[in-house]
């Protein structure tokens, strides 16, 4: 069994690269569904809500089906573990984040039984609530849907 | 104060992209020092050791100065939080990883007082110790040196 | 939308009750697939392996489909968080566990789109590796499949 | 030394079963003191407070003695690790819980020196703050008093 | 290479001892810069802010240099892991803290390349928000600057 | 209710100070029982075992009573959270510790109902398994017995 579409890598590029840079990867995002967005907050809930709302509005997941919300929620949480490096309570610690995110839905495996999976990537900055007192941060979460 | 060199993004690209893809970012890696490597193991210690050894052999950090080892070690740990999504004991859980990594040393900020920083990125797969039963994973850690 | 079959409660009862006690819940386990088993070890990997093996041998999940292994693995991990109360490295801390477990696969929701879910429950003892120096412990994990 | 009264199992049954189901276990709850209650909130503090208040009002622990509050508090925290599966900040993550709980005080061990112990069990649902977008969750904590 | 100045031990003594007790260690605090302060709150952010403010006002770190803020922030977080014993969301759990803290800046190692390091120590009480329902707690964090 | 004997502070001093320094606190350790010891290992289990053995051999806790072992075990774990700053798997990460420890048993509160409590303190170094590539670390855990 091999992994034919790297939805994680695609989510990372979509969250990180500028439009010009993304244009270099022409043809790279054809077999997936994806959306992009921004979230900036000190509260984890708001970051989660921003991704959930974007994914539902763009039809990446179905608003009506709990198992899709459940799959996305856990992919977001895993991605936020990378962003906060194990301490997911961002807003609890005077750190503020400015993040771009991407949600990718696709079929990473060649075998049809493996079905669809989700990837959620964040890229941005985390730091004190003062412009410049911050460094980059990144997260990636993947889940079956 | 602004961040002029994105060492985190560079580390991510260096760990994730193929050589052909990296070639598209010509000129993108000139103001930094970096090394790349691979680590595949079920034991966290061996992954940490692989990165430390590569960084020292390639002169990214000085072998003799504890503060540089200390800075790198914490950047690796933060990056592994993303890889393991908050549960850093990879080898404890029958999951195996196949990772590429990159270590970047550079001056991300325009103000000279901010000095040098390190970024450590991992990209690869994590899963059951059976080929194919795995998905992508990513981590990024950043620290001042 | 309502939850019509409580797979979590069923897994809990299957892992915890004696045969005589379970007999009182006649008819309670008809709409689900399940298996039961035992695991006793100081090493988390062995506990995970015991559950995975039992679930595959009893046909609760398909051995060939990674997404089913992935779903079970995360349900086991969540359940072990309860067993170890947030410190999943059982074997790292001189504590030994004697556990019974149950894996339940079923359709908890009345809407067909919600599909199948898994519940994994553990019940047993955790303590020093001396008979009697131990107390009860329990865990439950749930995931869509 | 053997464990003669399974306060953990009793707490689990008291938190999980309906009154009719509990009636089947006649005689099963005679050698212990216990109370039951409900807690529904997005904030961990309120859940803890609900259990502490119920345990004190029902005389399960003494309001005046700090060591009893201390024992109960840590049993609640351990139980919440199972409920939240290692991420105790429920309210931080847009998840809401609807929980029933039971607190049991008893002497699990035959040797009188082992004295009294506490068990705290939660059973209910956790999920998005939308009716139905949720699944079951469970927790058990045990401590000497 | 040897550690000639124990900035961790000094921070611990400065946070824990009374003035009379500290006077016994005459000459013990000459080669370091340090400040002391108090923080009492149920919110982690306020505790972090109290230490950051004290360290900047007393010139222990430079307000303008992000890498110094970054070093102090991570030393505070590590120290709070000891205070909260792994559960850093103090304010999330109805526990309140009354803490004294000390921040020490010095050169612990004889080799000049090792440069300056920071130690942050907390000592005080943690418990229910009722006078007396509390016990002692301590934390120490160390970082290169 | 007031805390009359600070068993946490006493454990910290006993673990940290030299004999000459401890002699300055004459009279300070009269109302408690305590023992001191050393532990140096990369494996958490060995550190725990060293403290448990010392506490039993010196009669600080009774070897036969599980509740005393249970109380000590959780006090050790809390203290190790400080030592490892939230990542208790020391041996998993190529870090080695050289620790002195103290276990104190006493009655910290003036009210007799509060009974006896335990404090466990560690002080020493943590770092790479190379002499000198290490910094100080500290932990304190407290539990009722």
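The chains carry the letters A, B, C, D, E and F, assigned in the order they are written, with residues numbered from 1 in each.
The rule is simple: contacts are C-beta pairs under 8 Å (C-beta built on N, C-alpha and C of every residue); 3 or more make two chains touch, one makes a residue touch a chain.
Just so we're clear, the structure is a prediction, and the values are computed from it rather than from any experiment.
The chains in contact with chain C as well as with chain E are A, B, D, F. Across the two candidate interfaces, A-C and A-B, the one carrying more C-beta contacts is A-B. Placing every chain at the mean of its C-alpha atoms, the farthest one from chain F is found to be A.
More than half of the contact pairs at B-F come back, by residue number, in A-D, the repeat among A-D, B-E or D-F. Although chain A and chain D share one sequence, what matters here is the overlap of their interface residues, and that overlap falls short of half of the numbers used.
Summarising the inter-chain layout, the chain whose CA centre lies farthest from the centre of chain C is E.
As a whole-number value, the distance joining the C-alpha centres of chain A and chain F reads 43 Å. Chain centres here are Cα averages; for chain E and chain F they lie 20 Å apart. Chain D and chain E, compared by their mean Cα positions, are separated by 36 Å. Counting partner chains per residue, chain C shows two or more touched chains at residues 1, 66, 70, 86, 88-89, 92, 109, 117, 132-135.
Here chain F touches chain B in the complex through residues 87, 89, 92-94, 127-128, 132-135, going by the rule given at the top. Taken in their complex, chain B has these residues touching chain A: 1-3, 6-9, 12, 16, 21, 24-25, 78, 81-82, 85-86, 88, 108-109, 117, 119, 121, 123, 125, 131-142. Within the complex formed with chain E, the chain B residues making contact are 1, 62, 64-67, 70-71, 74, 109, 111, 113-115, 117, 143-144. Chain B makes touch with chain F in their complex at residues 43-45, 48-49, 66, 69-70, 73, 77, 88-89, 91-92.
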